[in-house]
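By written order: A, B, C and D. Residues from 1 in each chain.
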Amino acid sequence: MKTPISDYLVEILDAVRADDSGEVASYIPTLAQADPDQLGVAMTTVFGRTYTAGDADTEFTIQSMSKPFAFAAALWEHGEDDVEKIVGTEPSGEAFNELSLESGTHRPKNPMINVGALAIHQMIGDPGDSWTVRSDKLVKFFSALAGRQLRVDEDAFESEIGSAHRNLSIAHMLAAYNMIDTNPEDVVRGYTAQCSILVSTRDIAMMAAVLAAGGVSPVTGAQVVARPIVRQVLSVMATSGMYDEAGEWFTEVGIPAKSGVAGGILGALPGQVGLAAFSPRLNDHGNSVRGTALFRRLSNDMGLHLMDAQAIGSRALRAVVSEKGRSVIQIQGPINFTAAEIVVNRLAQTPPSESSVVFDVSRVGMVNEIGRRMMLEAMRRLNLDGKTVLLYDPENSFPDPDIGGGVKPEILSEL
Amino acid sequence: MKTPISDYLVEILDAVRADDSGEVASYIPTLAQADPDQLGVAMTTVFGRTYTAGDADTEFTIQSMSKPFAFAAALWEHGEDDVEKIVGTEPSGEAFNELSLESGTHRPKNPMINVGALAIHQMIGDPGDSWTVRSDKLVKFFSALAGRQLRVDEDAFESEIGSAHRNLSIAHMLAAYNMIDTNPEDVVRGYTAQCSILVSTRDIAMMAAVLAAGGVSPVTGAQVVARPIVRQVLSVMATSGMYDEAGEWFTEVGIPAKSGVAGGILGALPGQVGLAAFSPRLNDHGNSVRGTALFRRLSNDMGLHLMDAQAIGSRALRAVVSEKGRSVIQIQGPINFTAAEIVVNRLAQTPPSESSVVFDVSRVGMVNEIGRRMMLEAMRRLNLDGKTVLLYDPENSFPDPDIGGGVKPEILSEL
Amino acid sequence: MKTPISDYLVEILDAVRADDSGEVASYIPTLAQADPDQLGVAMTTVFGRTYTAGDADTEFTIQSMSKPFAFAAALWEHGEDDVEKIVGTEPSGEAFNELSLESGTHRPKNPMINVGALAIHQMIGDPGDSWTVRSDKLVKFFSALAGRQLRVDEDAFESEIGSAHRNLSIAHMLAAYNMIDTNPEDVVRGYTAQCSILVSTRDIAMMAAVLAAGGVSPVTGAQVVARPIVRQVLSVMATSGMYDEAGEWFTEVGIPAKSGVAGGILGALPGQVGLAAFSPRLNDHGNSVRGTALFRRLSNDMGLHLMDAQAIGSRALRAVVSEKGRSVIQIQGPINFTAAEIVVNRLAQTPPSESSVVFDVSRVGMVNEIGRRMMLEAMRRLNLDGKTVLLYDPENSFPDPDIGGGVKPEILSEL
Amino acid sequence: MKTPISDYLVEILDAVRADDSGEVASYIPTLAQADPDQLGVAMTTVFGRTYTAGDADTEFTIQSMSKPFAFAAALWEHGEDDVEKIVGTEPSGEAFNELSLESGTHRPKNPMINVGALAIHQMIGDPGDSWTVRSDKLVKFFSALAGRQLRVDEDAFESEIGSAHRNLSIAHMLAAYNMIDTNPEDVVRGYTAQCSILVSTRDIAMMAAVLAAGGVSPVTGAQVVARPIVRQVLSVMATSGMYDEAGEWFTEVGIPAKSGVAGGILGALPGQVGLAAFSPRLNDHGNSVRGTALFRRLSNDMGLHLMDAQAIGSRALRAVVSEKGRSVIQIQGPINFTAAEIVVNRLAQTPPSESSVVFDVSRVGMVNEIGRRMMLEAMRRLNLDGKTVLLYDPENSFPDPDIGGGVKPEILSEL
C-alpha cells in the first residue's frame, strides 16, 4: 500500500490553490519579484518522517520565521534571566513594524515583533563580535536545526538593507533607551542577514519538528535545544507569533506558529509534528493567505488544535490479575499524570490481594517525569505496607527504579 | 496504601503559605472584608476524581472566573458567527478595567476583559429578558458545570453594585457605540449578579474539568458544553485570561487559566485536569499571589505545561507477527495522528507478508478522529492491494468500521 | 452715512451661504431636526456696540459653547488651585467624545472636552446641591453674561438625556477614579441642562464680548467675571477650544474660540470684539462648516489674528518741547510696556533741558499697569535727578500718581 | 535719569537665582558640562532697543529654539501648501523625543517636536543639496535674524552626533513612511548642525523681536521674514512650543515661546517685544527651570499675557469740532478695527453738521489694514452723502488715500 498522508497533502494544496487573494510583500525588492503562485507544504513528525507536497524544495528567505530560533539561541547563550531583562513575553497585538516598548522599562514586549527580534539578535555572540560573526553563528545553528547546511541569500540581504529604514529606526530607538549596546547599523545588518537565510518548506518543517520534539532532532536524536528553552519559545509563539492575528489564529488553528513575509509559516505541535507552508501572497496582517488556509485545514483535518486534546490515559490500567500468587498490575499506554492517577487511585481504593505485587509495564510507551514519580511512589507505599514489589519492564521504561532510600523493586525477566 | 496526591497538595499549600504579599481587593466592600489568609487548592481529573487541600470548600464569589463560562453560554445560544460580531478574540494586554475596543468596529477585543464580558453577558437569554432572567440562566448553567446548585451572594451583589462605576462607564460606552441593545444599568446589574455567584475551590476545579474534558462532565458523562465551544473558550483563556500577565503566565505556567478578583484562579489542561486555587491577596495585575504560586508548582511538578507535551505514540506499533497464516498488526496506546502515522508508514514500507492481515487493537486506549480515519484508510488500501483485512477489537475502539463503499473488515471474536 | 459694518456682515454671509457641505448633528434627535440652512453672524465690540446679519436672533442650544463659561464659573467659585486639582489645561488634540484623562492623576486634560466639562460642571454650587440647583446657577450666570434672561430648552434636554450614553460613560469613569463626588447620573442631567440653554447668535457675541473686555460687560460696565479668570478661560480656548482642529484653527483664524454641536461658534479677541457665527451643518471635527468659513473671513478681513498684532506704541512720544521754561513731554496713544519704553528711553538718553518737566498725557488713551508704573518710575527718577515734575492729565489717565514715598507730581490744570 | 528697565531685569534675575532645582541635560556630553549656574535675560522691543542682564552674552547652542526659525525658512522656500503636506500644525501634547505621527497620513503633528523639525529641516535647500549646504543656509538665515554672524559649534555638533540615536530613529521612521527623501543620516547631521548654532541670550531676544515685529528686523527695518509666515510660526509656537507643558505655559505666561535643551527660552509677543532667558537646569518637561520663572515674572510684571490685552481704541475719537465752517474729526492713537468702529459709528449716528468734513489724523500712530479701509470707507460714504471730505495727515499715516473710483480727499497742509 501507499501512504495516504502524501495524497492528503496534495489534496489540501489543490483545495487552497484557487485562492489568489493577497499581495506579495512589496517593500523589499527581491520579495516583490517572487513568483506569487508558488505553493508548498511539509510536515515532519517527532519520529522523524517528513511528508511534502508542491514546491516544498523551493528556497526562499526565512524572514520572521527566524525569530523563534534566534530567541532560542539567545536563551541558550544567556539564560532566561538575562534575556528577560532585554525582552518581555507579553503579546503586543500589534502589526510587525510597530514600535512596541513597555512603558517604564522600555523593554520590547516580546521577541516575535521586530523590535524584540532586533534586541534578541544582538545578544548572539560575544560583545564586540562583528555582525558577520553573529549571522554566521545563526546560520550554523539554523543548519543544525534543519539538518543541512543553510546560507544567507546575498541578493536578498542587499535588497533588504537598502530599504531597512523601519528596522534602523527601531534599532536606533533601542540604542537611545540603552536597550542595546551594539552599533544599531550593525544590529540591522546582522538581523537582515538572519532574515535572509534561505530555507525550503521542507527545512522549516524539520526545524519546527525539533521544537515539537522538545528540542531533540527527530533525525539524529541529538538534543539541539534544551527542553525548557523550547517550552519558552513555543509559549511565546502561541501568544505572539502571528502579529495582530494571534488571537484569531490560536482560536482557529491552535498551533504555535510564526509567519515570514516571504510567505512561509511554521507551526510546531508539541509532541506531534512540525509543519510548514509556503505561498508568497500575504493578507493584511502580513501572513500568507494560502499558508493560513493550509494550516486551518491541517489543524481541522488532523485534530491538531492544542485545545482539543483528548484524554489519553483512560485505559492506563489494563487489568489487575492474580497469577502465580502475585497481584499483577498491567499498565499500558503513555503514563502522564492523568494516567498515573488512575493506577494510583485503584491501588489506594482496592489494595492488591496478594503479598507480592508485580508492576507489568511492558505495554507502556512514553512515561513523563510525573508519571514515573507517581509509579515509584506507589511502589514505595506498597512496600511500606509490607508488600513485596516486583517490576516487569522488558522495554526499560523505568530505568534505575529507586523507590526511596536506595530500595529498588525486584526486576523480573519474565512474567 | 494512601494516595500520594492529597499529600502532595497539602505539601504545596505549605510551601506557598508563608507568602503574605499582595493586597485583598479593596474597591468592593465585601471583598475587602475577606480573610486574607484563606488558602485552598483543588484538582479534578477528566475521569472524575477530585483532590483538594486547605480551604477548598469555603465559598467566595466567582468574579471574573465567570467570564469563560458566560462566553461558552453565549456561544451556545448564538453561535460563533453572531458572537464574533460583538466581541473579538485578540489579546488586549491590558489591565482588567481598561476600555479596550477595536478601532473601527468598536468591538471589545476579547471576552476576558470587562468590556467584552459585559457585551457577552447581555447576549444571554432573549431580547427583552430582564436582568434577573439572564443571571438566573447563568446560575443554572454554572450549577450544571459544578454539579451542584449554586446561588448569587446577595450581599456581595449589593456591595458591588454600589461601586460599579467602572462597569457602568463601560456599559454606557458600549451603548454609545451601539454594541449593546440592553439598558446599560441592567447589563451591569445582571453582570454583577453573574460575578456574585458563590463557588468553592472544589466547584471551580470541577467546572474547569468540564472544559478539560472537552465539555463532558467528568462525573455524569453528560456533554454540558459542545466540544468546539470548549476549544474556543480555552483558546481565548490561553491568550487573554490573565490580563496583562497573560504572556508571562503562558510561558511560566502553560495552562489556560482565568483569575477572579476574590482570589480564585481556574485552570484547565485539555485532556487532563481541571485545577483551582484560592487565596484572596492579589498582585499588581489583579491575580492571586499564592494562587499564582500554586499554579506554577502544579505545572512544574506535574508536567502540565501545554508546550511541554511529550510524544505519546512512539510505541504505537507493538509488533507485527505472523500467526496462523495471518499477519497480526499489534497496535497499542492512544491513536492520534502521530501514532497512526507510525503504523501506516510501516505498512507502506514493509507490506504484510501474509494474505490475511489482522489489526489487533485490543491494547488501544483513546482513538481520535484522525487516528480512526488513518487506520480505516490503511485497511482500505490493503484491501485494494488484495489483502483480506480482519479486526480484533474486544473493547470496541473502532465501532462501525466502514472502510469505504460499505466494505467492513471481518470482525474477529478472538485471535 | 450708514455704517459699513452691517453691509460687510451681510456680504460675508452671502459669500459662505452656497456651501452646504457637512451634516447636522444626528446623534441627538432635536439637533437632527434643525433647519440646516440657518445662517447668522454677530459681533459685539468691547465698547458695547453689536452688529448682526442673517438669523442672528434665532435661538439654538448653546451646547459646548457653554464650556468656557462654566469653567469661568467654577474658577470663580473655587479658585484656580482647587479647579486645577480636578481638570488640567493641556491640549488633548482629541475628538469631543474621547475619554482623555492624564495618566497618573486621572485628571481630564482640559475643560473644553466633555470629560473635563463634566468634571467642571459638578463643581458648581455647594456639595449636595441638586442638579437643578446647579443648572439654575449656570442659567443665571449665563444670563448675566448675555444681558438678558436665558432658559433651558426642555425638549432639547429630554432629547439629549435619552441618548447621553457617552456622557454617562464618562461620568461613571470619573466617579470610578474618584474625580467627582456627585452621583454620575445627576452630573449628566445637570450638564445636559447646561448644554440645553437657548441662546441666539447675538447672545453669544455678547457673552464673548465680556471675555474680550476682560470680564467687564460692554453694556453695563459691570465686572461680570474677574480679569485673571478671563485670561485663563481664553488661554484654554486658544489651545483646546476647537477639538482636534485646534492647531489649524489657531494658525488660520488666530482667535480663541469654542464651537457647539448645534452649529454655533463663539470667538473672543482680547481687547477688541466678541464674535459669533451660527450654521448647523458640521464638519468631521464637529465644527460648523459655514461658521468656520465666517470666522476665517472675519479674521482675515478685519485683521483679528492674535499673532498678527502690530506695534501700537511707535508714536507714543509725540514730542518734547520747551514751553514757558518747562520741558513738556507730549505722550499720546495707549501706554503699554512698548510705548512706555520709548518715552523712558528718550528721557534716559536725552535728559530734559529745563528744570521743570511736564508730562502731558492729555492725548493718552488706555494705560495698562506696566505703562503706568513705568511713567511713574520715570517721574520718580527725574525727581531724584533734581527736576520738578508736573503732570497735565485732564482726562485723569493717571489717577493718584504716587511716585514713591508719598511724593506726587504737581498737577497742572492747564498747560 | 537711568532707565529702570535694566534695573528691573537685574532684579528679576536676583529673584530667581536661588532656585537651583532641575538638572542640566545629560544625554549630550557637551551639554552635561555646562555651568549650571549661568543665568541671563534679554529683551528687544519691536522698535529696536535691547535690554539685558546677567550672562546675556554667553554663547550656548540654540537647540530646539532653532525649530521656529527653520520652520519659517521652509515656509519661505516652499510655501504653506507644500509644507503642510509634510508637517501638521496640531498640538501633540507630547514630550520632545516622542514619535508623534498622525495616523493615516504619517505626517508629524507639528514642527516644534523633533519628528516635525527633522522633516522641516530636510526641506531646506534644493533636492540633492548636501547637509552642509542645508546647515550653511540656516546659519546664514539665523545670522540675518540675529543681526550678526553666527556659527556652528563643532564640538557640540560632534558630541551630539555621537548620541543622536533618537533623532536617527525618527529620521529612519520618516524615511520608512516616505515622508522624507533625503538620506536619514544626512538629515540628522544637518539638523544637529542646525541645533548646534551658537547664540547668546541677546541674539535670541533679537531673533524673537523679528517675529514680534511681523518679520521686520527692529534694527535694520528690513523684512527678513514675510508677515504671513511669522503669523503661522507664532501660532504654532503658541499651541505647541513648550512640549507637554504647552497648555500650562500658555495659561500662565501667555507668550508664544520655544525652549531649547541647552537652557534657552525664546518668547515673542506680537507687536511688542522679543524675550530671551537662559539657565541650563531643566525641569521634567525639558524646559529651563529659572528661564520659566523669568518668563512668568516678565509676563506678570509687564502685562505681556496675550489674553490680557486691553482695549486700545476707546479714545480713538478725540473730538468732533466745528472750526472755520468745517467739521473736524480728531482721530488719535492706533487705528485697528475696534478703534475705527468707534469713529465710524459716531459718524453714522450723528452726521457731521458742516458740509466740509476734515479727518484730522495728525495724532494717529499705527493704522492697520482694516483700520485704513474703514476710514477710507467712511470718507467714501460721506462723499456720497454730498460732503466735501478733506484729510489732514502731516505724518502721512494714510498714504495714497483712494476712497473709490480714483476719488481722493483733498489733502490739507494745515488745519
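Just so we're on the same page, a contact is a pair of C-beta atoms (placed from the backbone, for glycine too) under 8 Å apart; a residue touches a chain by one contact, two chains touch by 3 or more.
Values in this document were obtained by computation on a predicted structure and should not be read as measured data.
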| item | value |
| --- | --- |
| Mean-CA-position distance for chain D and chain B (Å) | 66 |
| Two or more partner chains touched - positions in chain A | none |
| Chain contact topology (line, ring, star, complete or other) | ring |
| Inter-chain touch pairs (all) | A-B, A-D, B-C, C-D |
| Of chain B, residues touching chain C in the complex | 97, 99, 165-166, 168-173, 175-176, 184 |
| Sites on chain B touched by chain A in the complex | 1-5, 45-47, 49, 88-93, 109-110, 213-214, 227, 230-232, 234-236, 238-240, 244-248, 250-251, 254, 256, 270-273, 301-316, 318, 332-334, 336-338, 341-342, 344-345, 347-348, 351, 363-366, 368-371, 374, 377-378, 381-382, 384-385, 395 |
